[in-house]
Amino acid sequence: MTVRVAVAGASGYAGGELLRLLSSHPAVGIGALTAHSSAGRPLGTVQPQLPEFADRILLDTSAASLRGHDVVFLALPHGQSGALAAELEPGTLVVDCGADFRLRDAAAWERFYGSAHAGTWPYGLPELPGARAELKGATRIAVPGCYPTAVTLALFPAYAAHLVEPEAVIVAASGTSGAGRALKTHLLGTEVMGSMSPYGVGGGHRHTPEIAQNLSRTAGADVTVSFTPTLAPMPRGILATCSARLSPAAEALAEDDVRAVFEAAYADRPFVRLLPPGQWPTTAAVLGSNTAQVQIAVDPHARRLICVSAIDNLTKGTAGGAVQSMNIALGLPERLGLPMNGVAP
Amino acid sequence: MTVRVAVAGASGYAGGELLRLLSSHPAVGIGALTAHSSAGRPLGTVQPQLPEFADRILLDTSAASLRGHDVVFLALPHGQSGALAAELEPGTLVVDCGADFRLRDAAAWERFYGSAHAGTWPYGLPELPGARAELKGATRIAVPGCYPTAVTLALFPAYAAHLVEPEAVIVAASGTSGAGRALKTHLLGTEVMGSMSPYGVGGGHRHTPEIAQNLSRTAGADVTVSFTPTLAPMPRGILATCSARLSPAAEALAEDDVRAVFEAAYADRPFVRLLPPGQWPTTAAVLGSNTAQVQIAVDPHARRLICVSAIDNLTKGTAGGAVQSMNIALGLPERLGLPMNGVAP
Amino acid sequence: MTVRVAVAGASGYAGGELLRLLSSHPAVGIGALTAHSSAGRPLGTVQPQLPEFADRILLDTSAASLRGHDVVFLALPHGQSGALAAELEPGTLVVDCGADFRLRDAAAWERFYGSAHAGTWPYGLPELPGARAELKGATRIAVPGCYPTAVTLALFPAYAAHLVEPEAVIVAASGTSGAGRALKTHLLGTEVMGSMSPYGVGGGHRHTPEIAQNLSRTAGADVTVSFTPTLAPMPRGILATCSARLSPAAEALAEDDVRAVFEAAYADRPFVRLLPPGQWPTTAAVLGSNTAQVQIAVDPHARRLICVSAIDNLTKGTAGGAVQSMNIALGLPERLGLPMNGVAP
Amino acid sequence: MTVRVAVAGASGYAGGELLRLLSSHPAVGIGALTAHSSAGRPLGTVQPQLPEFADRILLDTSAASLRGHDVVFLALPHGQSGALAAELEPGTLVVDCGADFRLRDAAAWERFYGSAHAGTWPYGLPELPGARAELKGATRIAVPGCYPTAVTLALFPAYAAHLVEPEAVIVAASGTSGAGRALKTHLLGTEVMGSMSPYGVGGGHRHTPEIAQNLSRTAGADVTVSFTPTLAPMPRGILATCSARLSPAAEALAEDDVRAVFEAAYADRPFVRLLPPGQWPTTAAVLGSNTAQVQIAVDPHARRLICVSAIDNLTKGTAGGAVQSMNIALGLPERLGLPMNGVAP
């Protein structure tokens, strides 16, 4: 069986990573590759790391280009996915790496994105309790944001088991590819190298409601999220440091008991790796892989549980997560074509 | 007037930065430079960035080498400063960049450092309320740790004005020079570049009690600190993201009122710069300078105040703070010889 | 068919990269993994990027550990390979990533390595004219050095076609992983980041005679090499800038004719990619891939041909080249299990 | 005496570095700061590293803004300096950091820049033989390009003493700030970090004729230059690796004799530091300083002299060189206000 796949937005960072992963996926054949301003150019001029597709000419991003495929990945700016998907054949699996269909709360969407809510699609984070059942056979998938992926994987066991109180404090560092290929002065190498800086402080980042949605669904109660993203001098990777007050019941637990909760929660999640005690996540170790490294610690003095995760924002945080969800939707083995090992050092 | 200055530990990162600053300090003459394993070698072989002192031979670190100076800076591993200082002339100003004399609580010292408490010296963070009076004329100064400097400058106005509750959550990213010149695999460039990772998670970092001490003294009440340091792929710089629950009184304040509290607190602190609204600290902007950049935000949804600061860990975080304290102790202008402008981009 | 493979030196950078590649090689099964000082530890503690092998216990590096495999990769310090290989079964394919068996000239070996010459094995650079025939069926292979790989791929077409005079000037920049995991102060992240520096200047680098050997064999005449390696602030990658005076015959050629010579030379080398005119190699584009990017230019004023190549020093420059040679030796497809696409950005 | 200074182009990287240096120059008072698209904004929004000038409003770049100063520094795109300088008072010292007045050969200018040659001003590289006499009392100064500064300082002693043949091969690595603040995709941090790449290969870089001019004037004969610049993953710094065939006379010299030639040539050049034997330049060691580190080696096998230099492209390579030339022109001590020590690590 060969699944015929198209990628819309193949000239961007997420599109390039999708192609890298799909090129070694044994069940996939690559069809149309589309772009906006780079349409008409060979892919090799914008994605020099992909010699296998160097001579492929980028088509324009349109339904005409994208029809006739089994799966269409959308790696587009938000706001475009709904109309495009509506023009494709009904049975096509559309996997949207953008934000349009992630949120369930229309008011939250409108507050953070400033436009009308397009709807909600099955959420492509297979590790969340219940998610796989929803993804199996789906024809529409909303791939999670990169920060929500890192944070949710780190914290969902704690909220599922009610180990912590419903106020999470999260500080995450992201490599610059998370900002995409947009030309902005503060993203120039000259300004970025040697520099850490925060942005979207005070609750303004658009991933905040998505994180809150995931944690609240898991907890079965409203979880308030304080989320501060920071830009780190590296091309890829997210390190999410997440903490919350221990619940009264959890304060009585030994750290090993807390640990056992996480081990159980991750038991059949092959892409989440709870590190052995004493070892901490590094973004370098997950570069190019679909693995999330997680480690936890209980701070008895501050009475908080600290959960730290590391992912590659373009792989598990975007393209790898998208392929993993595709696998589940199509009934393929969840791990098919996805690297677990990172490119390090 | 020329103050004759010696530097013990001149072969390390803090020692090198002290020499860079002191070389352009108009009231200072450089005397003995000492080292441990590099004793006998010319400074140029270990500090190639300091051609002005390239031919100076490093002496061994001993009282015999260090006697006869007006000021002696100690940039040594902890545990050595007390005995060395006791052998110097009584009137010598000893400025210790190490940890030995920072903590007031002997039990906290013993818990975090595993040795007997040496005592407490005047604390060289001149921006803390009351600190300058204590430093003026002092002959012993304990220079703060780099993380406590960044965190305390960001948070002390909030605790002084009781804007927040006494549970602070801090995630800070540090450049690798904070770990010193020790040879450890995880500090190799190959492992560090492109990588973020946490360490000392769960309250174990030795700067935790020092941060708590500073905030508690400012608040006049016990402040609990959850502190997670992370290692960032850059040589220098600390970005500290600090937050706490707004106090009930503060929840009623407009963000401008909160801002006014910080402006007032920093009014006569020339090295602390509260950035204009909308601008956020970057470690790049403070490289090589004694400036701390600070910005704040109120998150009304999470009901937290987020305070972010950026410093150069070797300048304001160590050597610059040490020189600033020396200036005050000797009655010199606080800013003398200290750069406010950073080396950027 | 499954080839049973052992890796000696699995705790180092080359060993880790071998395991990453071999883990997705469809014809390979991973057997013994050995190390020196890390023997007895689980691989996950030293190679956290390889969760698939995290629980494998590292054996000691000895013939006893390595016997019973079809292929043994040696990623060891030079001087150890010969004795170890001699103790393995005669039919075992031994692929040595070290230097011991690369040079044909015993005098050159002794001058650059200061020890007795161990011998010469078939040279694992399949792109060199005649190399594949020598590798097919071989049971001993000497994997080239990383710099010689980058330089030879860039220059061999020019020497094979006598386009240039026999004096090559080469300046190459390498990522720090080329120096291995040794603990040296100048390899600390703090010292490396933001810094470029040369080393082994004046002909002293041990890869110099290997480069000269490759170019001389191709030219059929002695080629003199001026080689200056530099250390660049990146974990991986080599950029080799190679040039030589145009031969009188070549001066008369149009640049397109020169280009045609390179196109012909690379025609059946799937891992060498001559970029389209106007596009230049970047080390980022080949990260984690077995591809070498090459571009050339004629400088009519200086009368020189400049050939620039980019490789990943750990992949095409070491582990990927080793696997490629193994494929040929065993009669497998040359590209089997080897990524052509890089991990970028 | 206070020299009143204006900076045109204060919003760019060179302009920012000029301000950093001038802010601690004891004989300078800062007057007008001008910009193009940032005119009307406070400097702090574009140069956050300069809190001392944060509230200064940027004027538009025009003669009206710049008149009435003793010295005007121009840090502008090429093509603008001549007309602007003509409108200033005749006695004003105009120091142009741009390229317009560097070349003596109008034909070379036209070939490389594609516009009419504006003329030639005294060349602000005080270390070149005869340069100081020309700069003393000058009212117009052309500051050298950053690459020509690094290369000329490394090679001029060899050409002045006829140690090498008139064909120089140069490969230089530059930090990204050399490309300015222009928004280009290949300068994004995401693309730059972890990557080395060449550009302007084959003699096309505009600094090529300037390098040839400097070396030819020194040699008293035409020197042909093969120059390949590369972009390195660091914000600042140039490492220039320069070599040429030894002349027949020089081949007979011992390396110590060659070294003595360089020592003599650098004798009264306080900003050029020939490192002790065995120590090699690093760009990290000169960060933020006006120092050029140089080291040399003779390769007896390749019969070449290799000269390597490291500078900070924005300091000695632009703004520091400009201030140094200003000092000489005005009769101030050459070193006044210029740091010799670098900011490292």
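Letters A, B, C and D mark the chains as written, and numbering starts fresh at 1 in each.
Operating definition for what follows: a contact is a pair of C-beta atoms (placed from the backbone, for glycine too) under 8 Å apart; a residue touches a chain by one contact, two chains touch by 3 or more.
Bear in mind that the values here come from a model prediction, so they are computed numbers and not experimental data.
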Could you run down the chains that neighbour chain A and chain B together?
-> C, D
Please indicate which chain is farthest from chain B, where distance is taken between mean Cα coordinates of the chains.
-> C
Starting from the mean Cα coordinates of chain A and chain D, work out the distance between those two points in Å.
-> 45
Distance from chain D to chain C - Cα centre to Cα centre, in angstrom = 37
Enumerate the residues of chain D that touch no fewer than two other chains.
-> 13, 175, 177, 190-191, 193-194, 233-236, 282, 284-285, 287, 345
Sort the chain contact graph into one of these: line, ring, star, complete or other.
-> complete
Within the complex, chain D is touched by chain C residues 167, 169, 171, 173, 175, 190-191, 193-199, 201-203, 224-226, 228, 230, 232-237, 239, 241, 243, 280-285, 287, 295, 297-304, 306, 308, 310, 345
Which of the residues in chain A end up touching chain C in this complex?
-> 13, 16, 19-20, 23-24, 44-45, 47-52, 54, 177, 193-194, 235-236, 273, 275-276, 279, 282, 284-289, 291, 293, 339-345
Would you mind writing out the residues of chain A in touch with chain D in their complex?
-> 13, 175-177, 179, 181, 183-185, 187-194, 233-235
